[in-house]
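There are two complexes below, and they share chain A, which is joined by chain B in the first and by chain C in the second.
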Partner chain A sequence: MSEKYLPLTVTIGVFCILFVAGGLLYPNFFSTLVIGNILGDNAFVIIAAIGTTFVIISGGIDLSVGSMIGFVGVVMANLDAAGWHPLVSAPMMILFGAGFGALVGVIIDFCEIQPFIITLAALFLLRGACFMINLDAVPIRHPFVLEFSDMGISLPGGGWLSSSAIVMLVALAVAIVIAHWTEFGSAVYAVGGDAPSAKLMGVPMRKTTIKIYALGGTYSALGGVVYAFYTSSGYPLAGTGNELQAIAAVVLGGTLLTGGVGFVAGTLFGGMILGLIATLINFNGSLNGAWIMIAGGLLLFIFIVMHRFLVGSFKFRTGS
Partner chain B sequence: MAAIIELTGISKAFPGVRALDHVDFGVEPGETHALMGENGAGKSTLIKVMTGALQADGGTIRLAGKEIRPESPGAARAAGIGAVYQEVNLIPTMSVTKNLTLGRLPRKFGLIDWGAARAIARAKLARLGVDIDVERPVGSYSVAIQQLIAIARALEDDARVLVLDEPTASLDANETERLFEIVRDLKARGLGIVFISHFIDQVYRIADRITVLRNGRRVGVGTTEEIPSLKLVSLMIGRDLEHIEHQRPLMDTVASSKPILTAKGVGRRRLLEPFDLELHPGEVVGLAGLLGSGRTETAKLVFGAIRHDSGEIRIDGHHIASPTPKHSLNAGVTFCPEDRKSEGIVAELSVRENIILALQSRRGWLRLLPRREQDRLTSEMIAALNIATPDADKPVGQLSGGNQQKVLLARSLVSNPRLLILDEPTRGIDVGAHAEIVTLIRELAAKGLALLVASSELDELLAVSHRIAVLRDRRMVGEISGAEATREHIIQTIAAS
Partner chain C sequence: MNTQTPSPKPEQPATRLPSSGGAPAGRWLALIRHRLVWPLMALALVLIVDALISPGFFNVRIVQGRLFGNVIDIFYRAMPTAMVALGMAVVIGTKGIDLSVGSIIAICGAIIAWRMHQGDSHFVILLMALAAGLACGLWNGFLVSVLEIQPIIATLILMVSGRGIGLMVNLLYGGTNPSFTSPLLQGLSVGSLGLIPTRLIVGAVIFFLLWLLVRRTAFGLFLESVGGNAKSARLAGVNARFVLLSAYLISGFLAATAGVILTADTHTSDPVSVASNIELDAILAVVIGGGSLAGGRIFLDGTIIGVLVIQALTTSILTSGLPPEYNLVVKAVVVLIVLLLQSSNMRAAVVSVLVRRKA
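What follows is the complex of A and B.
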């Protein structure tokens, strides 16, 4: 097996181990119900994390994800109050996400600024905008939102694949095609693997960078739309910290933070591992909720250390 | 025969420098043409003009009789001029297929057709006689294979000219031979090959003709018979090297004095078998061996940059329990690493700052070396090592390779070491600077310094060493001194199994 599949294999292995462990510990755990719930409850983070995967594979980082989720929700709630149909405001917000991301990409490329700092600025900007619009939660009352949450597919074994989960899986499928069957996808891996070489090999650097962050913005805005539907409201603090959860999901999914190596599909499992840990601790009942973060943190730490050793096998071995 | 590519009267000026001055250069089909010159002679500028990375101020380029003006490397490649540079320009994390087809990925229904892409990749490699798993990442292959992949990428189906810029810099003898076979094969198919290397013996093994540049002007062109190596070197540096080539050091032993450093059974599992080594004042010990034989590892174990897990190191007879670079430096042992860009100099800092770096860190950063003292040491070193820099405050990154190496040496020397370990002190520097560094090593030994020199160039080791330790496959297989120290004997020791 090629070493590039190793991180992904480990991720899927960890997911299986956690799931089987849960099944052995608790009755009713080993079911499509639990899987369906994990997919539905974490859909918005996983969607955002899919966009982040592209950014991280290209060697960048996007910290504006959580604020984007909050901002999209708040604007949608206000548009709802103004009488807009969610099916009109949602595509508009997704377009906004794409445009905002593209702008971030332009600034990163044109001014040669570290993605970390410019997306940090975007984080503050969007979160501030949330509070400019509303200080409190605003409900989304349009009947479509209710219909949306009632939609879904029942799984064999009593499980329920909610509409959020379906949107997420479709978004994932699109992302996999983009990553592996388009010239742009190859360019993302090339830029992350070795930017100077990619340039010499004729990869259009500016176009690629702009597209990467536009894609990241699109996916985090879509995550925001799903979250707004999921909670039927817009709340200015919504999504706080989700950018870090998205990064965690990407890294747990086997994408190397050094860029160039990773799989979009891994992010699904990374996000599900985080959800699985939370579910396990909830099933236990007696454990403090703090253990969710501690367990997630420990796992992340182990993965990063593992990656550190894997990176060595990808290093260029030139002498001079 | 008509030239496949003909550059006539090429001129190129950069602010303050005339890089190329009416240079003519032509390659015939089926010919390997070596382009030789010291650093700064204009080789790379000429190559860049030829491959579209730079535009000439004057002159014409004709490809198969037709005038062309390549505006980018991509345009040149499309016209049939491929180039492979010393630093392999591939994406190590991506598969061979992706590396070979990026930018021209075949599509079906708007999506990439990976089956077709793999077929293209295999076909490109097959032309070079390479058969490897195209799904594995490029970085998992040896530098030699990466080099071949880079050539495969550079060669369009209708390529007519291939430029190889220092292709053998990180290859060992076998890998170099394999590359040469491929070059001969491409040549037989009528390609014109431009070959650049600072290994003079390789030029004579592979090239048909040689063009020599010096200071942006063509100073000689002819077949390899017309330009023998001594003439080539004197053309390149414009002065006679004969006295250096033939001056051999005295291979007498200096073992009468007490050794500075003794290594007994020092080794590290899976890295280097245990070896014994003694270094006396005034003595130069060479480390010879092929690439990957353990030269650098030996040097680093002695210095303490890599921890040994067997044996013991004694400095002045005192046992050093766990040598670290810091211990070694305090005991007067310094080390100049092989890869000066990533392990040695700090390119952004000035010559002065680089030279006093080690000395200052030994003093501790709270006790700043007075500026007057810094200036004195720096100007002393610039004069002693003949470092070519307009002033001491120029960033080291802007100096030539040879001068960067001298700055690195100066940094070691200002701390008054007793044992100096040099790993590939002349890698990637031009012939003139090469000779100067060889002379310098001898002078340092004459002053009573002990030196341990690891080098891939046998002639260089023979020129400086009193004793030569030979390594093979991560084992020290022999120590040669006195009259036995000949090129042939060392090669025999390396080759014997």
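What follows is the complex of A and C.
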């Protein structure tokens, strides 16, 4: 097995171990119902994390993910109140996400500002915009939202793959194709692996940077749409801290924050591991919610140290 | 892949230019190239707008034996963020970042409330809180310097779990009522010494000590050298591990100071929401102050100006009568403008447009 699949294998292994451990500890845990719920409940974070994966593989970072989720929800709720069909407002918001991300990419490239800082400003801008639009939760009452949440596929064993989860899986499939079978995908890996070499080899840096952040914006806006449908409301504080969850999912999924190494598919398992921990703690019942945070941090620690020693020092990252 | 060009160092301003001997134009040029000009202009702009929209903004009067007024208020409220931002400036100077400062503040607050309930001496509690900050710094520093993990992820671990740890500490004594009163801690936080609020004195003393450390000792030079080029620094005999570790210790300690002030201010421990987004404000302050995330430079004075810009914005939005909801958007827009002005590409583009128009 090639070394580059090692982190992904470990991620999937950890997911399986956690899942089996849950099955041994609690009756009814080992079922498609639990899997379906984890996929459905975490779909919006995983979708956003897929976009973040591209950004991180390119060596950048996107902190505006959570605010984008909140902003998309608030705007969609207000458009709904104004009588718009969700199927019209949703594509519009996804387009907005792409445009906003492209703008962030332009600023990063042209002004040579670190992605961390500019996406931080974007975080403030979008969250502030949420508060300016309204301060309370606004329900989305359109019947389509109810229909959407009733849609889905039943899984063998009593499970249910909700429409959110299906959207997420389709988005993942598209992302895998983009990452591994397009010129742009190779450019992302090249830029993240070694930007000066990529430039010398003729990778169009500006175009690639803009596309990367546009893609990130598109995915976080899609995550926002799914979240708005999932909660059937728009709330200005929605998605707070989701950028961290997204980054954590990407890291747990085996992508290196130094850029150049990682798989989009790993992010799915990274996000599912986070969801699985929350589910396990919920199943226990006696554990405090604080354990979710601590367990998340502990798991991040284990993964990061593991990457550092298993992968970080190996052939394909000799720079450090 | 995107590195900001570092501003010129204060020791070597642009006076090397041939035209800058004594000619007014040269002096002007040297002045606008000084690294503090942009952050100071940003601060001046905010204050001028304040003066225009609310007359009497700069009035300072004495109420109940202490100074009172918007300007004092800006300093007063900026102090905790300033402490965090100074630590952040040191860490960023070593090419690192510390995302865990908010969590450290939460942990310190929880420990203070917990020990208060156990009835420890308040001075011991103060030392415990600061020690907790150092311990957190030690953890971050260990990950970054010994395990050589990228700072942004290394500190992400404590950022993700720290507030959970604070909640667990609250649970140690039931956690139903984490409020407390302490003349010592509240004296440090909300009290005043003569006319001046105590926390400003604490802040000034810490700033001065840190300035001595960074600007007047070899250690300060090591901090910047590790950030500038870790490999060369190591080859030159700098113990890079120890230097990196100390940077995170400093950041943890200063975050703990902010934690004591903030916790004593609210009389309670609230790990979930205390100091939320303070790491972002601190990083912004460092960047507005001219620091680059690429490392190698520590601008303590610029960082303080950066914090004041952010706080002045917040205070002016509150005094101007705009709804507080506008706070974040205005902050984002001002930060964007400052960032764009600091970018040399952007400045060149603006200048070329202006020149073309004149011609």
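Rule of thumb we're sticking to: the second predicted complex is superposed on the first by the 309 of 320 C-alpha atoms of A that agree within 3 Å, B and C clash if a C-alpha of one lies under 4 Å from a C-alpha of the other, contacts with A are read in each partner's own complex, and residues count from 1 in each chain.
In this section, a contact is a pair of C-beta atoms (placed from the backbone, for glycine too) under 8 Å apart; a residue touches a chain by one contact, two chains touch by 3 or more.
Just so we're clear, the structure is a prediction, and the values are computed from it rather than from any experiment.
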For A:97, select first, second, both or neither according to whether it touches chain B, chain C, the two together, or no partner.
neither
For A:193, is the partner it touches chain B (first), chain C (second), both, or none of the two (neither)?
first
Quick check for you: in the superposed arrangement, does A:254 touch first (chain B), second (chain C), both or neither?
neither
Looking at chain A, does chain B or chain C touch a larger number of its residues?
C
Check whether A:124 is in contact with chain B, with chain C, with both or with neither, and answer first, second, both or neither.
second
I'd like to know which partner A:105 touches here: chain B for first, chain C for second, both or neither.
neither
Would you sort A:132 into first (chain B), second (chain C), both or neither based on which partner it touches?
second
Going by the contact rule set out at the top, does A:304 touch chain B (first), chain C (second), both, or neither?
second
Where on chain A do chain B and chain C both make contact?
320
Chain A partner contacts - residues on chain B that touch it in the complex:
73-74, 86-95, 98-99, 102-103, 105, 111-112, 114, 135-137, 139-140, 142-143, 146, 153, 169-170, 291, 338-339, 341, 427-428
Please give the residue numbers of chain A that touch chain C in the complex, ascending.
58-61, 107-118, 120-125, 127-129, 131-132, 135, 191, 195, 205, 209, 244, 247-248, 251, 257-258, 288-294, 296-298, 300-301, 304-305, 308, 312, 320
Could you list, by residue number, the parts of chain C that touch chain A in their complex?
1-5, 97, 143, 147-150, 152-154, 156-165, 167-168, 171, 280, 283-284, 287, 292-294, 325-333, 335-336, 339-340, 343-346
Residue set of chain A touching chain B in the complex reads 2-4, 177, 180-183, 186-187, 189-190, 192-194, 196-198, 200-203, 259-261, 313-320
